[in-house]
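Each of the next two complexes has chain A plus one other chain: chain B in the first, chain C in the second.
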Partner chain A sequence: MSGAIAAEGIGQPVRRKEDFRFITGNGHYTDDIARARQTYAYFLRSPHAHARIKSIDTSAAEAAPGVVAVFTGKHVADDGLGGLICGWTVTSKDGTPMKAGAHPVLAFDTVRYVGDHVAMVVAETLADARAAAELIDVDYEALPAAVALSTCQDEKTAQVHTEAPRNTCFEWELGNKAETEAAFAKADRVVKLDLTNNRLIPNAMEPRAAIGEYDKGSGIYTLHTTSQNPHVARLVLSAFVGVAPEHKLRVVAPDVGGGFGSKIFIYAEETACVWAAAKVGRPIKWTGDRSEAFLSDAHGRDHLSHAELALDKDGKFLGLRVKTIANLGAYLSTFSASVPTYLYGTLLSGQYDFPAIYVEVDGVYTHTAPVDAYRGAGRPEATYLVERIVETAARETGIDPAELRRRNFVRTFPHQTPVIMNYDAGDYEASLDAALEAIDYKGFAARKSEAASRGKLRGIGFSSYIEACGLAPSAAVGSLGAGVGLWESAEVRVNPTGNIEVLTGSHSHGQGHETTFAQLVASRLGVPLDSVEIVHGDTDKVQFGMGTYGSRSGAVGMSAIVRALDKIETKAKKIAAHLMEAAVEDIVFENGTFTVQGTDKSLAWAELSLAAYTAHGFPSADIEPGLKEGAFYDPTNFTFPAGCHICEVEIDPDTGITRIVKFVAVDDFGTVINPMIVEGQVHGGIAQGIGQALLEHGVYDPDSGQLVTGSYMDYCMPRADDLPSFTLGFTKTVCPSNPLGMKGCGEAGAIASPPAIINAVTDALGIRDIEMPATPARVWEALQSAAPRAAAE
Partner chain B sequence: MYQFNYERPKTLADAEALLGKADDPKILAGGQTLIPTLKQRLAMPSDVIDIGGIKELDFIRAEGDAVMIGAATRHATVATSPDVRKHNPALADLAGWIGDPAVRHMGTLGGSIANNDPAADYPAACLGLDAKIHTTKRLIEADEFFTGMFETALQDGEIIKEVTFPHPEKAAYMKFRNPASRYAMVGVFVSKGPWGVRVAVTGAGQNGVFRVAEMEEALAKSWSPDAVANIKVPAKGINSDLHGSAEYRAHLVTVMAKRAVAAAS
Partner chain C sequence: MSVVAMTVNGKPASADIEPRTLLVQFIREQLGLTGTHVGCDTSQCGACVVHVDGRAVKSCTMLAAQAEGAEVLTIEGLAANGDLHPVQKAFREHHGLQCGFCTPGMIMTAVDLIRRKPELDEETVREELEGNICRCTGYHNIVKAILAASQEMR
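Up next is the complex of A and B:
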């Protein structure tokens, strides 16, 4: 391989190809696109958490300057448009399916959260649309709301959907109850912990946006939108919502500025824009502002849990028992039922060899924004619970937290957990050891006493996490209730001049696919990186694909590219054999050159590419012209990234401010294509984890259901000065379940870090628990209530 | 935003005339509060009179034992002014710690104190330094100027021209920032000068900036952090919200006062 090409190959920290266009303002985001005769939509939203709509009078709005049309739930219903769906069905322990309430695109007779969609005004300008929306007269009958998670299942609490008594959508279970009970019966010690996993609001840098269009001549609808999975959006909009048949609907997700899960889902605004475009006969654009994003993007997390851990006298884990109440919000979002169930309960074994686990999850409705997948989706909640209770057990048993983990690690693979997952490879002790070394665990006691001499409280906390990503074997998810398969597709098109277009079903919205995918293709074909173009995000260009979420683009999306490249190589060798009059078995392909083994005959990649398309003298029965191959790759297992994060904090008892003074993350992601991008993913993930642990909290007023944290005045996003300098390390066990040995790195930081931080904070404070986010006020209050106790002891 | 008439007068006299003519005018200085308010359609003025083009309001002058700062002077200008740095470094520090660089390059002294946001920094400096506020109509003592949350002694049609900050012997400002907004959750300005000792608190009070007499008396006897360490501010009248209880904020007043005195020693 030539030096230049080797420097761009697998394992090299190649600079991101896409960044020049992004940082010079030359990206093409949905809001950058302007269509001829475009109109603008503005959504009138519910000011009430729960109200009956007695009447809506739109006449004044319709007569307002610049208004093209006003749509309400009645128009949607009259047109027979279907509601928004949840693509994953969860079954309750009594065998009944989850109780899904209707989710209309525009509210029909009831609004169920502040921000719910009441009407859409389409006008010549956004200002016209917004001004007209104020003229819509909605007669609401305000009703009591179910807001607090802790009381939403009470008989007396207001009902969100009549289909779901006690606001309970499902009562799900996983694991073996009898075996778990037996394990607890023989336990020497049981550790109990009540935990809250705080509600988060995603805040991707680019808000959601859409442009709906309808071409009367062809009958084709086009939707440009901020989607992580345009094909899935097209499927849902055609097969379930009924906007248009699939072949008459094109969905384009151009440059997308971050998603973190919130752009997986099919929302009301995008749907209404494409549906109404045919009604008004002009393109309709909607760009959400930040306030709308706070109100209506699907939120994340929001669990209340009770956990019990059974141990024997030596600190061996015997069983884990968990009861969780998971907030689903007012409506089921596209994948919301799967998040607190199959993406959560299946990870409760952590890195540990548990003989028995039993988990019950109640998925409940509240009059709040829908809750769905957010970076990590279920796995941060599971990891938080496991790593918090393990740390608590270490403190209660007096066993060093590293040692307690060591005693319980899974050490042989494959390992079948009691909760579905079959871990394929890992070395948990290796990452723990590396992290202990990196943080200088032995020196902690000295650092703690030095901090105490300055009046500061120093604490250390561990998180030995595992997650399941590379979503996912289609058969596995199908058996668990998914309405889709989770394979991925790829097509490799070699052009006559030898450069290459790769069409992937994955979608890049910040992950750097244009670079990493190109590194894979360039190194495999022996061509420069710049000869490879990654094409994604347009259902008219790319074959059906499943999109990007669940850290799946490397393990699944790139595996599909590998399979397509295998086919390319096979065909290219056949052509080379024909051109060089040799047997196929004698053709060697290396560094972009085909040679006949044992001879000086050779063909360069570009020569072969051109020959594939001139096709002069090809034996037509054996070799078709052209060089283009596709593949669909379905993984055989989830992938299991794992590692150890250790956090050290210093707390100022006067103010309650927690400063992270050291943060070590040692991760095992299997094969790494571009270490610079992987490090960036880890940094971003940890930043979001620090956000959850110390700063971020989506809060609704418990009585009115108003979103209290509806802007950056009150919702605290992490800033650079909230973050320490991270110390990263990597260990490597190759994933046996995909051809590249990759595991996925996109979510690990957000999954692993919160328990490490809270374990450190509680260690510093000498308390059992503190609710996330551990704000200065909460820390100070914990100190006030702890102080008299300490004095009494 | 709603429609309004926009005017950008060149002189103070023109601005006053425009204010007199309009039905429901608003003065636009740096716009760091007014513009977001307009964008969110929370205000519907008939006229917006932009005083950013009035050169006579943009100056910093050190004269005798005080620094005079024009009302339209940007925070960044105050923060980096050699005169302010030399005579009143605590004031320069406070200005340099307002918002973020974008805010500091647009926001103005006059706009800040006229708005009297209960979490703004400048009111603490004015009250803490016994500042004199000169308007188109009169001179107002800082003690008389801040009358309540978003309320001042300014009358309709009255425009702030400049603020006189006498040089302190010792002064410092310590701010505990709201983790989300980065506004002052509790900001304490302490000073010692010809006026005696002053302790002014912003961010915490339900009625905006206030002085803490007990701390002032203690510091007058002994200028040391220990003098205020055990003086507690009552939680009554202190803000309470999801970022912190009144008790917590009251406690922070003592902590920030102590640290401010230490920094000013």
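Up next is the complex of A and C:
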């Protein structure tokens, strides 16, 4: 391999191909697109958490300057449009399917959260649309709301949907109850912990946006939208909502400014824009502002849990028992039912050899924004619970937290957990050891006493996490209630001049696929990186694909590319054999050159590419002209990234401010294509985890259901000065379940870090628990209540 | 409506606009310079930072009319004669961007920061970035890129 090409190959920190357009202001995000004669949409939203709509009078708005049309739930219903769907059906422990309430595109007779969509005004300018929305007269009958998670299942609490008594959508269980009870019966010690996993608001920096268009001549609708999975959006909008048949609807997700899960889902706004574009006969553009994002983007997390861990006298884990109440919000969002169930309960074994686990999860409705996948989706909640209770057990047994983990690690693979997952490979002790070394665990006691001499409280906390990525084997998820398969597709198109387009069903919204995927293709075909173009995000260009979430683009998306490249190589060798008059078994393909073994005959990649298209003299029965191959790759298992994060904090007891003095992350992602990009993914994930642990909290007023944290003035996003620089390390066990041995890296930071931080904070404070986010006020309060009265006086 | 005129990226720019038009709206919608972004509605996120008469300004917080006669520099005008600015280069070299949405504002803020404080350390960079929010990078590589660029520009 030539030096230049080797430097762009697998394992190299290649600088990103996509960066030039972003650092020069030449990206194309949805709001950057302008269409001739475009109109602007503005959504009138519910000011109430729960109210009956007695009437809506839109006449004044319709007569207002610049208004093109006003649409309400009645128009949507009259047009026969279906509602928004949840693509995953969870079955309760009594065998009944989840009790889902309808999710209309625009509210019909009831609004169910502050920000719920009541009407869409379409006007010549955004200012006109916004002004006209003020003129819509909605006669609401305000009703009591179910807001607090702790009381929403009470008989007397207001009902969100009549279909779901006690606001309970499902009562799900996983694991073996009898075996778990037996494990607890023989335990020497039981550790109990009540935990809150705080509600988060995703806050991708680009607000959601959409442009709906309709071409009267062809009957084709086009939707440009901020999506992580445009084909899934098209499928839902055609098959379930019924906007247009699938072949008459094009969905384009251009440059997308971050997603973190929140742009997986199919929302009311883009649905209404593309549907109404045909009604008004002009393009309709909607760009959400940040306040709308806070109100109506699907939120994340929001669990209340009770956990119990059974141990024997040597600290060996015997069983884990968990009861969780998971907030679903007011409506089921696209994948919401899967998040607190199959993406949560299945990870409760952590890195540990548990003989028995039993978990019950009640998925409940509240009059709040829908809750769905947010970076990690279920796995951060599982990791938080496991790593908090393990750390608590270490403190209560007096066993060093590293040692207690060591005693319980899974050490042989494959390992079947009591909760579905079959771990295929890992070395948990290796990442623990590397992290202990990087943080200088031995020196911690000295650092703690040095800090104490300055009046500061120092603490250290561990998180040995595991997650399931590479979503997911289609048959497996199908048997668990998924309405879709979770394979991925790829098409490799070699052009006559030898350069290559790769069409992928994955979607990049910050992950750097244009570089990483090109590295794979370039190194496999022995061509320069610049001759490979990655095409994604347009249903007109790309074959059906499932999109990007769940750290699946490497393990699943790139595996599909590998399969397509295999086919390309097979066909190219056949052509080379024909051209060089040799047997196909004698053709060797290396560094972009085809040679006939044992001869000096050779053919360069570009020559072969051209020959594939000139096709002069091909034996047509054997070789078709052209060089283009596709593949659909269905994974055989989930992948299991794992590692150890250790956090060291210093708390100022006078102010309650927690400073992260060192954060070490050692991760095992299997094969890494571009370490620079992978490190970047870890950095971002840790920052979001620190946000959850110390800063961020989506808060609703428990009585009124108003969102209290509805702007960057109130919702504390991590700023640069809230965070340290991070210390990263990697260990490697190759994933045996996909051709490249990749595990996925996108969510690890957000999954692993919150328990490491809270374990450090509680260690510093000498307390059992503190609710996330551990803000200075909460830390200070904890210090006051923990302090002996005499000391406080 | 009223006519405002200013210089944007070295070229004269004027338009007849509603008085309430924000500078960022003028830049994006009138001039079609969509590299400057809007990420919030409370002047917190900094995605809209441009330079007005050489100083970093959140263009969502200023009326276009207030920039009458000013020299405005946006991300599109930063690469002089097609050569990337050292800060642009450093963001690419150090992977200081992922989704790219906050990046133009980050870069314009960083250029102004290095102008004001040529001798930078990590703590100062982190403090000075308080008005720019990034959700992707955890700031780790942004800080690295700005420190590297400030070294380069000394």
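In the analysis below, the second predicted complex is superposed on the first by the 788 of 793 C-alpha atoms of A that agree within 3 Å, B and C clash if a C-alpha of one lies under 4 Å from a C-alpha of the other, contacts with A are read in each partner's own complex, and residues count from 1 in each chain.
Assume a contact is a pair of C-beta atoms (placed from the backbone, for glycine too) under 8 Å apart; a residue touches a chain by one contact, two chains touch by 3 or more.
This structure is a prediction, so every number in the text was calculated from the model and none was measured.
In the superposition on chain A, contact of A:G470 is made with neither chain B nor chain C.
The partner that reaches more residues of chain A, of the two candidates chain B and chain C, is C.
By the touch criterion defined above, A:P230 lies against neither chain B nor chain C after alignment on the C-alpha atoms of chain A. Legend: residue contacts after superposition of the two complexes on their common chain; A:Y712 is shown touching both chain B and chain C. In the superposition on chain A, contact is made by A:A777 with chain B only, not with chain C. In the superposed model, A:G101 lies in contact with neither chain B nor chain C. Looking at the shared chain after the overlay, A:T655 reaches chain B, while chain C stays out of its contact range. Legend: residue contacts after superposition of the two complexes on their common chain; A:G87 is shown touching neither chain B nor chain C. Chain A residues 291, 712-713, 717 lie at the interface with chain B in one structure and with chain C in the other.
Residues of chain C that touch chain A in their complex: 18, 20, 28-29, 32-42, 44-45, 47, 74-76, 78-79, 84, 88, 91-93, 95, 97-104, 107, 122-123, 125-127, 129-130, 132-144.
Those residues of chain A whose C-beta lies close enough to touch chain B in the complex are 130-131, 291, 654-656, 695, 697, 699, 708-709, 712-717, 775-777, 780-781.
Looking at the complex, you find that chain B touches chain A at residues 2, 40-41, 176, 179-181, 183, 242-245, 248, 251-252, 255. Within the complex formed with chain C, the residues of chain A that make contact are 15-16, 18-29, 31-32, 34, 127, 203-207, 255-258, 260, 289-291, 509-512, 676-677, 679-680, 683-688, 711-713, 717-721, 723, 725-726, 749.
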